[in-house]
Amino acid sequence: MTAINRRRFVRGALSTALAGPLLAHPALVKLGRAADFSGQTLRFMIINPHAGSVDPLSAAFAELTGAEVESVSVPYDQITAQSTLDVMSGTNDMDVFEYWYVDKEALVRDGILADITDRIAADPEIDPDDFLGSLYDTYTLVNGRRYGLPYDGDTHVLFFNRTILERNGVEPPATWDDYTQVAKAITEAEGNGGVHGALLMGKQFPIIIGSSYANRLGGFGGNFLDADGNPALATDAGIAAAQAMLDAAPWAVPTPLETEFGNSIPVFLSGGAAMIEFWTDLGTWSQDPGQSQIVDEWGVVPMPVGGGNTVNRPALNAGFGFGVSSGSGNQDMAWEFVRMAASKEFHTRVLTDNTTGVDPTRRSALPAYRDFAPLQADAVEQAIGNAFSWPTKPESPELMQVLADELGAMLAGDKTAEQAMQDADNAWQDILG
Amino acid sequence: MSDVALNRIRTGLMGLVMLFFIFPMIFMFMVSLKSQSDIASGGFFPEQLFWQNYPDAFGSVAVATFLRNSIIVATVGALITLLIAVPATHTIVRHQVGGKFLPAFILATYVAPPIVALLPLFFLLRSTGLINTSIGLAIVYGVMNLPVAFWLLSSFVRHLPVDFEEAARIDGAGHLGVLRHIVVPLMLPGIISTGIICMILGYNEFLLASFFTRSEATQTLPVGLSLFQGDRQLRFGQMAVASLVGIIPLYFLAAFFQRWLIRGLTTGGVR
Amino acid sequence: MTVAPGVAAMPRGQALLRGNRFDRRRLVLWGLTAPLVLGLVVFAVYPFIYLVFLSFSKSNLGTLFQDWVGWANYGDAVGDPKFTASLLRSTMFALVTTAVTLVLGMAVALLLDTAVRGRHLLRTLMLLPLLTPPVTVAVMWQLLLMPKGGWVNSFLMDLSLLSQPVSFLGSPVFAFPAISLADVWQWTPFVAIMIFAALQTLPEDIFEAAQLDGASRTQSFFYVTLPMLLPALFTIAVLKLVIAFKVFDLVFVLTAGGPGQRTTVSSFHIYRVAIQQFNVGLAAAQTLVFAVLVGLVTLPFTTAHDWALKKFH
């Protein structure tokens, strides 16, 4: 996911106009074989925070195939509903959907995404082994079949403001206890001056508050579901993770329940908070003098750990792929788009452009990424290598909403961490039957 | 207390009330002139006028297109409402077509929350090919606002002197003739104000619009505004600009049709 | 109600006896009514029936009508404490905002009625909140209330009433009042204009009589104006209640139902069940339960209206 500096939805004409400069881009020349779809129109649906990807995607596809390209941006929490409605109602306006990997089984159960296993197998240029860590299977595999290809490999890392930390004589935290202490020290010292120890994203959208929880869950060595697929929230790790959020909340920018990415970034970039868990592309914005007052003043570390756990296990927070709509009238063309968006060359190109909102999915793109974003490359590489996933069951949309509600109730002071996790665990058992 | 003192108090109160109603708008205007860092500092006036939000807002979201869509949908919707509601209301009220049941039924349909209609109407629009079109949304608004129009118009009909209609009828005019030559001209103020109110309702609607229109070419302003909310960085200045641009047409409408609008809301009072 | 003599008032049998002319007449009358009836059947009755069927089925957004499940969805709906709490919250919201807008609206209407200066200007300015799209109203209040850069916070801090900015919309205590405030801001003008109009219909001579009897302003308000206004007030209350039960945009933009469930009103809860959890069958049952509640809550007000109309007019 990422910034939208430009949210124009590019129409065919514009795509063609943009294709000129792109032609010269050395990476694009290697996009591989091109089918000719001139005279046809490809329509894709994309989440609003990826609107910066629309221009590059449209232009490249128009250049590659001669097709006209149209797109629809929808809020990220509506993408699954909107794509489902499109196919289920028979509207079939779209050829390609962007999808949140957490909802993949729900989409496959309802027949929204087309099975592209054979297309992938027949395509030598995909090179699945090149996808980082477990990302390929996590994003695309349902019951042994493939339904999409990764586009945006989101994980969180911990960003900190070095100046604020040094001013207060504290080090970047290695454990979640440290994190709370650091946040507390800074807020106690500078809170009245408007500088807080941390930004804790707790707005009750699954993708927001769920990410904050997942960061801690991984740190304490927990999982959303156990090996048998049963809820594992009411475990020591699950409860400790919730408690860690609760402990940090008083020292975070007020108040975590109202904090999401839209209002966090300006605060962090203006030096108003010392720490924030965020998607990796925050680094490139922090270095951009046009929007940042903390150029060269920030750093990044892997997510802290906690309890008896010492191995950092970051979570795949957010994370999106592209899939072919089962209602598309031209699945060959749709597939062409999906494979282009996931290709090594195109991924490298959008990865090294901080307006597209794309984080690494492919190993082969990492060298270029290192040149582009040297400060965060290490943390990102380590993070994504052994990241763990959110539940991807058909019931996931409901599961994550329940969890978000319980965490919200906890932060609002209605429940203890233990109660909240016990209630969430029970609700999950009900939902999963 | 003397009347003079009382009047002073009233004038003072009046000022306070006015301030309460316009303050949020004034503050939004101020925000539209602030840079991002200026907004964070929280003062009332901008430290420095930052006009850049205006071109930026138009550049980052298709504010102009959204505005155009909203105006089209609201206007066409209101016309549909009037076209259906004016003859029907007159007929129902004057000639008691449908007895007591029909008026009660019409008003009852207004009570249901709009989420009721989301899925079924989506399918309906889909099967008629009207999904994701401005005309489809206009039809939805046109029909959904019928109860409101019926409610507003029926009090106008009741205030219409019957004599004219009778006279015309005696002169041999048929029902349609009476409607066209007597009722509509006499009710014109009521029709205009009802139309404006229905237009505003359509212009402001959000939930259905966010599902029935998806491409930029058809999305309305409230939907466009809501897109700012999911942004990676909340651009408050641009949000304020887009919001202001969206309400300016309404405020002109209000200034221009103020008399009709108030009459529409108040005809005969409510009992 | 006035009826055109000799036309619709005529007994049906007699009209038929008069032959073709009246058959045609009735055809025309129904013809003019038909588009409205048809429109509402398609856009209100059909969705309603559809919803009833949905509510008895296991349905998710991707696959509707998988199975008939009897009353199971209703059981799930009323058995879910989060949903029942949202019903209570919606009712609270409706009652509170209605009460507040009625009191404020009455005050403003009296001001409009009696003030010497500025009436015209106030009447125009008051229309503005009413015209503003709820999404925009939400944006305005978001700007006013946000912790960093919101005017309310910096104002209270300048007055030293606050030492730390308060996140009103994220606060368990303030979120619900904040949403209510935005709603009151939007709807008070509407209520005020309606009450003002009702005031204009009260006959002058009653007030003159009261004044002659030596009643003070306060007395004549409570003993003459208020009782005379009661029927209108109840009608306005019903309208405002219905509007308040429908509230969605404000919650959607300002709090997304949070913090916790503190501002999750039923309309928003149902939206989430249908659109984010895709359980359309359950959402349908919840909607119908909700509609019944709206009817139950507004019923006493309609009854009171009829009672007041009989008693005071």
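First chain written, first letter: the chains are A, B and C, and each begins at residue 1.
Following the convention adopted for this analysis, a residue touches a chain if its C-beta (ideal position, glycine included) is under 8 Å from a C-beta of that chain, and two chains touch if they have at least 3 such contacts.
Given the structure is predicted, the values throughout are model-derived calculations rather than measurements.
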| item | value |
| --- | --- |
| Shortest chain-hopping distance from chain A out to chain C | 1 |
| Chain whose average C-alpha position is farthest from chain C's own | A |
| Contact pairs, highest-scoring chain pair | B-C |
| Cα-centroid distance, chain A relative to chain B, in whole angstrom | 39 |
| Where chain B and chain C are represented by their mean Cα positions, the distance between them in whole Å | 15 |
| Multi-partner residues of chain A (each touching 2 or more other chains) | 77-78, 85, 263, 267, 272 |
| Residues within chain C bordering two or more other chains | 148 |
| Chain B residues counted as touching two or more neighbouring chains | 40, 226, 229 |
| Interfacial residue positions of chain C with respect to chain B in the complex | 1-5, 7-8, 25, 28-30, 32-33, 35-37, 39-40, 42-48, 50-51, 54, 108, 111, 114-119, 121-137, 139-141, 143-144, 148-151, 153-155, 185, 189-190, 193-194, 196-198, 200-201, 231-232, 235-236, 242, 245-246, 248-249, 252-253, 266-267, 270-271, 274, 280, 283, 287, 290-291, 294-295, 298, 309, 313 |
| Complex contacts: residues of chain B adjacent to chain C | 7, 10-11, 13-15, 17-18, 20-22, 24-25, 27-28, 31, 39-44, 83-85, 87-98, 102, 105-106, 109-121, 124, 140, 142-144, 146-147, 150, 158, 162, 165-166, 169, 174-176, 179, 200, 203-204, 206-207, 221-222, 225-226, 229, 236, 239-240, 243, 246-247, 250-251, 253-255, 258, 261-262, 265-271 |
| Chain B partner contacts - residues on chain A that touch it in the complex | 1-9, 47-49, 70, 72-78, 82, 85, 89-91, 93, 261-263, 265-267, 270, 272, 291, 293, 357 |
| Sites on chain C touched by chain A in the complex | 60-64, 82, 146-148, 163-167, 169-172, 256-262, 272, 275-279 |
| Complex interface listing, chain A residues touching chain C | 77-78, 80-81, 84-85, 87-88, 106-107, 109-112, 191-192, 194, 202-205, 253-259, 263, 267, 272, 397-398, 401, 405, 408-409, 411-414 |
